[in-house]
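Both complexes below contain chain A, partnered by chain B and then by chain C.
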Partner chain A sequence: MKKTPLLVILALLLILPLVVEDVNFQHVMLMMLIFAGLGEAWNIITGFAGQTSFGHAAFFGIGAYTSTVLFYKFNVSPWIGMILGALFAGIVAFLVSYPCFRLKGHYFAIATLAVAEIIKQLFVSWDYVEGATGISIPVVPDSFWAMQFHRSKIPYVLIAYGLFVFVLFVAVAIERNKMGYYLKAIRESHEAAEALGINTARYKLLAMIVSSMLTALFGTLYAQYILYIDPFMVFGLDVSMKIVLLTVLGGLGSVYGPIIGAAILIPLSEYTRTLLGGTGKGIDLMIYGILIVIVVVFEPRGILGLLRKRSRRRLNYGKSNA
Partner chain B sequence: MRKLLAVLVVLLSFVVMAQEVIKIGAIFPLTGAAAATGVKIKYAVEVAQEIINGVYPEINLSLAKSAGLPNLNGAKVQFVFADHQGNPELAMAEAERLIRNEKVVALIGCYQSSCTKPASQIAEKYGIPFVAGSSSSAALTERGLKWFFRIAPHDGMETVFFFNYLRYLNEKYNANIKRVAVVYIDNEYGVHAALMVKEKIKDFPEFSLVADVKYPVSATNVDIEVQKIKAAKPDAIFHASYIGDMTMFVKKYKEFNVVPKVVLSYCGGYQDPQFVVNLGKDADYFAGTNATTPALFAKMPILSKINEMYKAKSGVDIDGPTLEDFASALVIAEAINIAGTTEPEKILEVLKTHTFEAPYFVSEKIKFGPDGQNIYSASVMTQIFNGVYEAVWPEQYQTHEPVPQFPDWKKR
Partner chain C sequence: MSMLAQLVVTGVLVGSVYSLVAVGLTLVWGLMDIINFAHGDFMMISMYTVFWLYALLKWDPLVSLPIAAFVAGMIGLLTYKLVIKRVLNAPGLMALLATFGLSLFIRNLAQFLWSPNYRFVGESILSGKRLIISDVIVGLPQLVAALGSIGMTLAVALFIKKTKFGKAIQATAQSREIAELMGVDTEKVYMFTFALSGICVGVAGTLLSGIFPVYPESGAMYGLLAFVIVALGGFGNIWGAFYAGIMIGLAETIGGFYLGTQFKYAIAFLIYLLVLQFRPKGLFGW
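Our next item is the complex of A and B:
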């Protein structure tokens, strides 16, 4: 695997928000890092193992709620909440996926969608976590321990960057490890993988648990950044779809996919909204939608597929048929 | 002479150009699920901007008589609109962008309480005023924020308004209302309203709560609930329901022939004009609180003029939430004018101490209490007669006498 392009991207992602002082730009970079990280996490179960999940918002929300409730009710540091949130998300992924993995293809995708909606409804009607009202996270002075920074966004950006690099590292490690080959074998043919002696159920489950735990980490950061959560914003279908969309747009099954997808979709949606959103005509959303349609129609393998076609140079990882 | 005029015109235009434009951020759901409302609110805020910046001697509002803000050398006000799509994350990001990049001196918004929460926290962080018009969640003013103000009454105030109205009916019409039931949807809105009924009824000892009926958000059948209500024989029913479930309840009231004396609705399904469309004659005699109703336009000339300007843009009459957001735009502009500066601390001082004129509301005034809540309930009790929302209380705004008895459903 060639490391140079990845290292260049990583360096750029770190330096850009540090040198540009515009808060709006920093916000865009932060969202980009969060969603690129979410895309990487989702890629593990969907891109590598071929099990389409439309319900990753569930794990994102569990991460957000675990740290928020612990901080709000018991004054526990969101850092501890973040780790516990990841554990909870892993447990939920285990409990939910075990029966769902009996389903294949579209049925699995629909099941994940349904499970995420069920979890959302549970939180809407759960009084202990303030139900539909949502929780306003108590504002405290800037503190690393409380993961709250009001004077500058840079600490949030650095945390997001750290999480993103960690998720990327895990994704690359899995891809290069035998687990990565097993998962890709499962993706290409479930039966053939079993015939080769791969314990498909076990590896799919493992991929789902890792993916969900990584997703939950970002939920905590997101909650600490917005300082308010309610079930609709963290468990919403929007979150699941955004993850799917940007990964597919960038290129499924490669570590570059979510980075490219996030680098295009997040600034596009943010800047078209700030430029045109105030008109109230929804032009920003139309442009956003049209671009996605164009990419999907002309190059279903995403922008990465487009780039590969252009350069006629095959990157030596990613989808084998690219 | 002509030359002199030309020079004057040039000079004047320089003066106009040199004038400061004061930017105020307006964050609303211009797309997404609540887009229809958001766009209506945008029209109303544009009307407010026209009134502030133009000269309208026929409208008796202090900012209508002169162009721009007189205490700031006629500086013009510009509302910079931003779209949060109903997403709290975007509301927060837009608030920060408007403050940092657009240099707005104050914010208004955001219709949905879930978006107003994070956006107003940003205003708090930067120390600039945030005036919310229609966001009604009681939690908003319970956060102890220094820079947050809200015009719409919350459900606690609505509840007191309901009990005072019942008291009025008993005194004036001998309605003999004693037994109260509360029927509510199982979400924040409903549960909080019911909580307020249980709390406020203590201050009105002549009433007793005889039924507390909660129904699920996705209810498709309310037979059991309606039977419970019927068995409790309430004189008054308080409803915290949305349009779909409210319609369902009315149909069942008819089926089971439930005939209370009054049914009062919190801001929700009853206030939606669709209520009358859905139910026709069956919608008659239901009542609830509205910030305004078209029946009032004849009695309130300023409101009528505002509505005329609004209707020219939107094609429909101004409704309650829209009027509340319109008020938020006028109030913040007036606060800046009285402060005579855009310095946040000075504007804050005015917002905290001044009583603002609001002749377009039946309460006629807006004054913020220590928690930032408008202490005057900008509401009027309306009751539907022949498909029209008539104002029935307070008395000086009455367009129709209240009827404190439902007729038998079979005799309608």
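Our next item is the complex of A and C:
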């Protein structure tokens, strides 16, 4: 894989929010970085290993709740909460993987959805974490330790950027290593991968744990940015689906996919929301929904598929039509 | 004891409607391998159809049934024609993406047009009436909803099994190419199956509109549970979906009563995870 385009994208993602001073734009960039990162994390288990997860909101929510509860109840820094959240997410992934990986294909996908819904229901009825009411994170003056910045969005953007680069680095490292090839072999044919001596159970489990831990990191950042969480917001099917949608739209199984998908879907959803969301009549989501349909209908291969097709056509130009 | 009997009866009644929603979903899923995220929203539209016919023309839900079913069927058909047809050969999750967008659109269109307020079909021939058999109380609307759902499921199952067109659907589900070689118009099969799926969920929505409030999200939970039920029964298996629906209805009612109603959906999802440990391809899958 060539490095240059990726480096250019990374530079752009860093420079744009710093140069453009518009607060709305910075917000959109921040959400883009968060969701692109979530997409990269999800890509490891679904894009590389071919195990469709509809339940990544579970890990996102665990990340958000761990740091929030620790800060709210014990005044523990969200940075520590972030790391603990990732650990919890990894443990939960380990625990649910055993029953889920016995299933294949859609049965697995629905199982992950079921797990996330169960966890959501548990949080809704769990009084210690304020149940369905949710938790408002106590506001403190700007501080790195408390991961709260009220004067500018730039520190949040930088943290999101740092996390995104980290996740991207992990994804690229996995893709280029033995593990990436193993996962892709599992995706293409489970039986053939086993016949070649790949320990499919171990590598799927490993991919799931890595993916879930990375997902949880963004949960913490999201909670610290919004300063309020409730179970529906962070554990909802909407979150899981948003991650799925943008990665699939961009291109599944490629490190570029989530970046492209997030660059399209997030501005679309954020700008329609700021422009039309105020009416409270759902016009923003209506337009967002129909635009998704239109994009898919006209480009069913995903955006990356479109780009690949173009470049291949360029390569074939001048050759015989055979 | 009579409490348990009451719970079992209620569970079966609730479950039969779940079954019909899931039957609609499993038809499409089994045939085209497409997860229709907008399935629950088709149901919501049929509920609104019933509501408006009631509010404006004073029609009884049972009278509106054919119209609401037709509306949902047409939406299914249009969904196939305008959206699904173009993504049939697209990679993996693209169709899912399209139906998710469609679901967002339909749900928010309903909110835009009719506000998020709960609406009720207040009076019908059935409302308020009930049967009391020894200690067990059965609401007539619930009973009719369950019987109607079972009847419709039976009709669909017979249609698929006995008629020539039903056999064409089965053939197409097994292999599109070979079905085409045998002279099956698979395009027509797909279109009709999507319409039939809409009709199933439309009938279910009509039967529920007398029992549940009508609002833009009223189909959402049914759609979600239908995914689990379809998988629990085994993809594409109509009777699988039927028994799985009853099972989820029972689990939800009985479990909800003993553990707290806030856990009733969690219990339904847990049942799925548990059963699939023993039957990894669903109850009736192979």
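Just so we're on the same page, the second predicted complex is superposed on the first by the 295 of 322 C-alpha atoms of A that agree within 3 Å, B and C clash if a C-alpha of one lies under 4 Å from a C-alpha of the other, contacts with A are read in each partner's own complex, and residues count from 1 in each chain.
Please note the rule applied: contacts are C-beta pairs under 8 Å (C-beta built on N, C-alpha and C of every residue); 3 or more make two chains touch, one makes a residue touch a chain.
Note that the structure is predicted; figures quoted are calculated from it, not measured.
Of the two partner chains, chain B is the only one that A:Ser136 touches; chain C does not reach it. In the superposition on chain A, A:Arg273 makes contact with chain B only, while chain C stays out of contact range.
In the superposed pair of complexes, A:Gly282 makes contact with chain B and with chain C alike.
In the superposed model, A:Asp22 makes contact with chain B only, not with chain C. In the superposition on chain A, contact of A:Lys184 is made with neither chain B nor chain C. Of the two partner chains placed around the shared chain by superposition, chain B is the only one that A:Met233 touches, whereas chain C remains out of contact. Once the two complexes are overlaid on the shared chain, A:His150 sits against chain B while remaining clear of chain C. Of the two partner chains, neither chain B nor chain C is touched by A:Lys204.
Touched residues of chain A were counted for both chain B and chain C, and C has more of them. Shared contact residues of chain A, touching chain B in one structure and chain C in the other: 124-125, 282, 284-285.
Per the touch definition, chain B reaches chain A in the complex via residues 30-31, 35, 38-39, 42, 80-83, 85, 87-90, 92-94, 96-97, 100-101, 114, 117-118, 121, 124-125, 137, 139, 143, 186-189, 191-192, 217. On the chain C side of its complex with chain A, the touching residues are 29, 35, 82-83, 86-87, 89-94, 96-98, 100-109, 111-112, 115-116, 216, 224, 227-228, 231, 235, 260, 262-263, 265-266, 269-270, 272-273, 276-277, 280-282. Here chain A touches chain B in the complex through residues 22-24, 27, 124-125, 131-134, 136, 139, 150, 222, 226-230, 232-233, 238, 270, 273-274, 277-280, 282, 284-285, going by the rule given at the top.
Against chain C, the residues of chain A that register as touching in their complex are 52, 99-100, 102-104, 106-107, 110-111, 113-115, 117-118, 121-122, 124-125, 237, 241, 244-245, 248-249, 252, 281-286, 288-293, 296-298, 300-302, 305.
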